[in-house]
Amino acid sequence: MTRISLSVNGRPTSADVAPRTHLADFLREQLLLTGTHLGCEHGICGACTVEIDGEIARSCITYAVACDGARVRTIEGFDDDPMMTRLRQAFTQEHALQCGYCTPGMLIAARDLLRRKGGLGRNEIRIEMSGNLCRCTGYTGIINAIGAVMAETGVRQHAPASKSGWRGPAPGPEAGTCDAAELKGPPHAYQDAPAQTRPLSAASTRRPIKVTVGRLETIEGRTSLTQSFVLPYQRDAVWRILSNPVEVAGCMPGMVLDGPPLDGRATGRMEVRLGPIVASFAGEGTYERFDEDHRQVIEGKGSDRRSGSRASGRVEYQLLSTTLDGAGATEVQTRISYVLTGPLAQFSRSGLVRDLVARIGEMFAEAVDARLSGKHGPSARTTHLSAFRLMLRIITARILARFRSFQKKISH
Amino acid sequence: MKAVAFDYARPRTVGGAIRLLSEKPDAKILAGGQTLGPMLNLRLAQPSLLVDITRIAELAEVEEAPDSVTLGATITHAAVEDGRVPDPARGLLQLVANGIAYRAVRTRGTIGGSLAHADPSADWLSCFTALEATVVIAGPFGRRYVPIMEFMRGALDTGLEHDELLVAIKVPKLSTRARYGYHKICRKTGEFAEAIGVAVDDPGLGIVRLVAGSTQGRPIVVDGIERLEAAADCIEAKLLAAGLGDDAYELSIHVAAVKRAIAGALAA
Amino acid sequence: MVAADQGIGARVLRKEDDRYMRGRGQYVGDIRLPGMREVAFLRSPLAHARIKSVRIPSALRDRVFIADDLAGVAPIRADTALPGFKSSVQPVLASAKVRYVGELVAMCIAPTRAEAEDVAAEIELDLEELPAVHEMLAARAPGSALVHEHWDDNLYLTTEIDVDFASVAAKAAASVTRELRTSRQAMSPLEGRGVVAHWDTRLDQLVVYSSTQQPHIVRTGLAECLGIDEGQVRVIAPDVGGGFGYKGILLPEELALSWATRKLGLPLKWLEDRRECLINGADCREHHYILTAYADSDGRLLALDCEASVDSGAYSAYPFSACLEAGQIGSILPGLYDFPHYRCRTYSVATNKPPILPYRGVARTGVCFALEVTLDALARKLGKEPTELRFASLVRPEQMPFDNITKRHFDSGDYPEALRRASDAIGLERVRERQRTPEPDGRLIGIGFAMYTEQAGHGTSVYASWGIPFVPGHEQCQARFTPDGGLELRIGAHSHGQGLETTLSQVAHSILGVPHERIKLVHGDTAQTPYSTGTWGSRCMIMSGGAVAAACDQLADRVKRIGAKLLQADPEDVRLEGGEVAGPTGRISVGEIARTWYRRPQDLPADVEPGGLEVTAGYKAKRDTGTFSYAAHAAVVAVDPDTGELEILDYVIVEDGGVLVNPMIVDGQIWGGAAQGIGTALYEEMPYDSRGQPLASTLSDYILPGPTEVPDIRILHMETPSPYTRFGQKGLGEGGAIAPPAAITNAVNDALEGSGAELLVSPITPRRIFQAIAEAPGAAR
């Protein structure tokens, strides 16, 4: 629990909050100000909109502890506000609400718009209000109501919400706070040093290897793809690394084995990161080696306790002798397939990442190359990243595949 | 949909923040929280410590030089939108800021947070790539200056180490003769862009720069363009060459976004 | 008798608005009870699996409950009486198997939701994954994995209608066949579901606050499953943040909390979060059609032949069952057209997805999409304007009332006139003129129409044959004067945005003349209101409106009798007007009469009706087959062939809802419905992978239309009174959501006609438009 002091609807308030308690829960559960509604708790719907230091904000993704020293205003704090009174009249007159759930956030956003801008057309009002969802009205009454009040108020000069001139998220360094969370570390712990003094990371010592990536396919929920790359070493040398599960695991992004494999089985975990997302899939794997073909099949499955997600995967690779710049070399042909279920799979964000598949292969190839050349392996961090990306790439590919799937028509 | 329990600290200095980050490798930096907040609530992110950097006065500062403006990392999109900071790109930053998500997000979302998250669909990444801005990073070994194209390695992947803090972005000034266009294609106003196009033409600086953003990785800089007027016809071939040909729809919307940005610049 | 200014037909401003605008609405999440704990559920991460074990850390054993703990709680069953129906058994908490992602496995209790989620994260669930039945056509095929292993296929129900279909082939001059599909949606009211439960030890009664549209139905369901008397259950639906059908269900969560609150002696709360709402609430609208339309050489519709499947999910939801959608398709597919031959086979298919619920418009949105899009294809094939094709086959006003080919009884209206007005208002001729020259920006312009009827307020005669857990009978209202002259109306249905607190007040005001500020509607509490099947099927204005009128009529009669005595007049000589009883010798206010009854009974005549100023009256429409409001929607769109982007340039709705009780609220229902229809048409889709994993769990993935996604919509009214209802009103709450997918798709297909591309899957996303163009026979690229 952290002590905070803030002003809510003009009243000074002090409270102990858990850092994870978001502002909306703090207002609703601790201050019993239930006019602030939760519609999505991930910053999209706008039902939880409140004012913090005079600017509107999402109270569901703002943590109460970060509002220490701020001035917070909720719908309950606008009862006597003249502009809000006028807006309420217009909302009723234009039938701008039905079930009422989005209404407090909608009104606060609308009032803020009227504070900041005037003389807007209907489409501009729509764009300005696009951060607030209403499932009942179809927005017509809302746009009518705001337009009506805006027509009365005329073109306004933008009235600044705060006189402090602070340009960061409110309340900023000048706010009077409880400072329970204050870190009073000695500033001399840090000094500006000349640039580039950080030791070079392993990543920058690697040499780039070109990885060719084939098409992604999704069959029966398994997504598979092929990759191939060429290493400038004889096949037997590469096979010494790639036939050894411990070495392979060492080159695999984020992979940690619990101990040496036994009878073709191993347990361990694979930690994968993507930005702030971290998942650790604990599980077990099997491997099957075909020395005469220089081929190995690794299968594994695991679950991430934190998210309740599960993953299973299969990697099959084969080494072929080839030449590179006239010298003997080895082409590694890989077929990877994955299944991911649970919360980590349940997104259809399509921003995923064609070039990353190649980069993942590159990381693995570079790690193998580094082992063969006696250099350090890549840093754990970068490999973590790439592995998680691969997973997300798979998720997206499945979605894209689905887009392609319907569109069948029978016509006379 | 509630976050896991975490600790919270609020350093007053950059050094204090870096010390906290050094001590806790799984700590996360909290600025406006507009990206991290949803991930926390969804329990996709489960850090043990949040380091709130919004009380560090230095991070919201603006430094204006003859040829550049350096914007502190915790400056909000709304501060740019409202013209509360100088715009080195003669209005482009304001235009871009105005189109980011929604006002209630812009009031807390920060420039630095957006860059550090490195979501390919984020506006600032494409915009600053077109402007050839430089990211200023502070860490236990001092400050380093990284060109934005090198800073972003791929989707949600940057050159930031866990104990480093993005403190500012240094943006070169455009000349008075500059013109620009910016266009994004979204399924819904304020949601993730599916394609972004940026066009900057500055005869004063002798640059013509076109960027296709919200790809699946880093923004694509369309090189070899000498005249904006003649640029539109070759965009498709250039983006194909840059590897966007895997999906015809993706290619087509990115071509359209860049062409519309060019048209915007030409109409300016 | 009708006070036009504030009564029926008046644009009365809503009484409910003020509390909502001040943040004083009271939703389930706002309720606080002493000692209350919060609940989070551990839900299945897999679509289909055998549960091998649920491992609960021993330290948490006292706050986690699983199926084995819930002794004595019966599973949820929602059977129908339809022949061949296969019954599903839905456990409150999954025991042997899980059958969809999101199915409840364990109930976790803690002081806060965050801590309850922490507890849930500590449970280890060991599952053996089974093949997921994720696609309804594959699910119908022989050899498919089975959702319910003791069934011999995955079909809840198959229906077939054949009206002299075999003879059509000889007559038909033309036909088109289309395969169409609508995607699974999540209704997504802004407030999710929510439950607060506690056991009142004084009354020995379970009290359940639930965000529901049907408190009395939930009460019956709870009592049945928990094995307690209905008198021991009180259900309160407080303010409800949007329903749309999403809250017309008996929830396993309601049962779980009800059981646990009694066991623990603590009030419990569960609020559905948005992830839950999207993943286990993706429960509607997924249809598949293969539809052939036959016409004669004049373009008159001769026949329809259809095979329709509805992905009905893993269980039959209580009370509407798994078959309400597919089972209705056969009878509603003919739309508002008059034609002689018909065949339709429907399949209610069980899959490893959430159980389906009827969403605003019920099956009609999919049916309208299939039929109207196919009709436009037929018009294109015949070289006719889509409007001309429709004029040739629409039921004509002189045929009304009309029994159509499936015996639906259309009560009144002029369908061709609605289409004519829509066509004129949208400017069909102007659009055709505009299409002759290319647009400067390269976009393609198209125009589309779609029509439907919306059956509303249908009652006993319709539902008796379904045999689902309820059959609506008479709807009742309790009306009474308070001692100070105020009027209380108590109804068993629930208002959650429809504005019943205002419109039912208008009905009462029209009859009794009591001013609105003295009329109070009490609803949403089984302890305070008469039984009702609740708010569904656009029925409240017909049924509750009729009941309020019936109760007020009786009160009026009693008031007049007392008033006449007090005025010393003959009851035949007094009138009730403006809230007063007026007689030859003077006037006396209704309030004064109320005061006399309660507080000065000594002034009453000896033979006064002893029932006093409190009545319960019931209502049923003269004919309970329902009213049929109808509409013509017309859309003009611009499509960018390079990006698939679509802009709605104009949208017109011509609606006939009979007599409009409050035109402002009517327009609000139509606008709001149309916005949801636009969501269906263009944005909303829950994708699944082939393991039944839902692939959208946030509002970034599942797009709800915002202010910029909904255009200005022009509404024109026709008002053909229904001959069967009290005031001639018709139900119209759902219609707005029915036609937009069809109208917009027809407009897009019109725009793309030159390319040969045709969109047959909703939502029509930019990618689908782009790909349709790319794959079209005349594709340029």
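All chains are identified by letter, namely A, B and C, in their written order; residue positions are counted from 1 within each chain.
What we mean here is this: a residue touches a chain if its C-beta (ideal position, glycine included) is under 8 Å from a C-beta of that chain, and two chains touch if they have at least 3 such contacts.
Values in this document were obtained by computation on a predicted structure and should not be read as measured data.
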Checklist line | Graph class of chain-chain contacts, one of line, ring, star, complete, other | finding: complete
Item checked: Pair of chains joined by more contacts [C-beta pairs], A-B or B-C -> A-B
Next item on the list: Could you work out which chain's C-alpha centre is the most distant one from the centre of chain A?
Entry: C
Checklist line | Distance from the mean Cα position of chain C to that of chain A, given in whole angstrom | finding: 35
Check: Using CA atom averages as chain centres, what separation in Å is found between chain B and chain C?
Finding: 44
Checklist line | Distance between chain centroids, defined by C-alpha means - chain A, chain B (Å) | finding: 15
Checklist line | Per-residue overlap in chain C, given as positions that touch at least 2 other chains | finding: 112, 114, 121, 273-275, 697-698, 700, 706-708, 765, 767, 771
Notebook entry, point to check: So which bits of chain B are touching at least two other chains?
Noted result: 1-5, 38, 42-43, 188-190, 192, 194
Margin query: Two or more other chains touching the same residue: where does that happen in chain A?
Written below: 18, 20, 41-42, 126-127, 130-132, 306, 343, 349
Note to self: Quick check on the complex: what are the chain A residues that touch chain C?
What the structure shows: 18, 20-21, 28-29, 32-42, 44-45, 47, 74-76, 79, 88, 91-93, 95, 97-104, 107, 122-123, 125-127, 129-143, 218, 220-221, 305-306, 308-310, 339, 341-343, 345-349, 395, 398-399, 402-404, 406-412
Checklist line | For the chain B and chain A complex, residues of the former touching the latter | finding: 1-16, 18-20, 26, 28, 30-34, 36-47, 50, 52, 54-57, 59-60, 62, 72, 74-76, 78-79, 82, 84-85, 101-105, 107-108, 110, 117-121, 138-145, 153-157, 161-162, 188-190, 192, 194, 214-218, 243, 246-247
Check: Across the complex, what residues on chain C touch chain B?
Finding: 112-114, 117-118, 121, 273-275, 640, 642-645, 683, 697-698, 700, 703, 705-709, 765-767, 770-771, 774, 781
Check: How about chain B: which of its residues touch chain C in the complex?
Finding: 1-5, 38, 42-43, 185, 187-192, 194, 248-249, 252-253, 255-256
Check: In their complex, what parts of chain C are in touch with chain A?
Finding: 13-14, 16-27, 29-30, 32, 45-46, 101, 112, 114, 121, 124-125, 129, 132, 175-179, 181, 188-191, 239-244, 271, 273-275, 279, 290, 377, 381, 496-499, 664-665, 667-668, 671-676, 687, 689-691, 693-702, 704, 706-708, 710, 712-713, 736, 758, 760-761, 765, 767-768, 771-772, 775
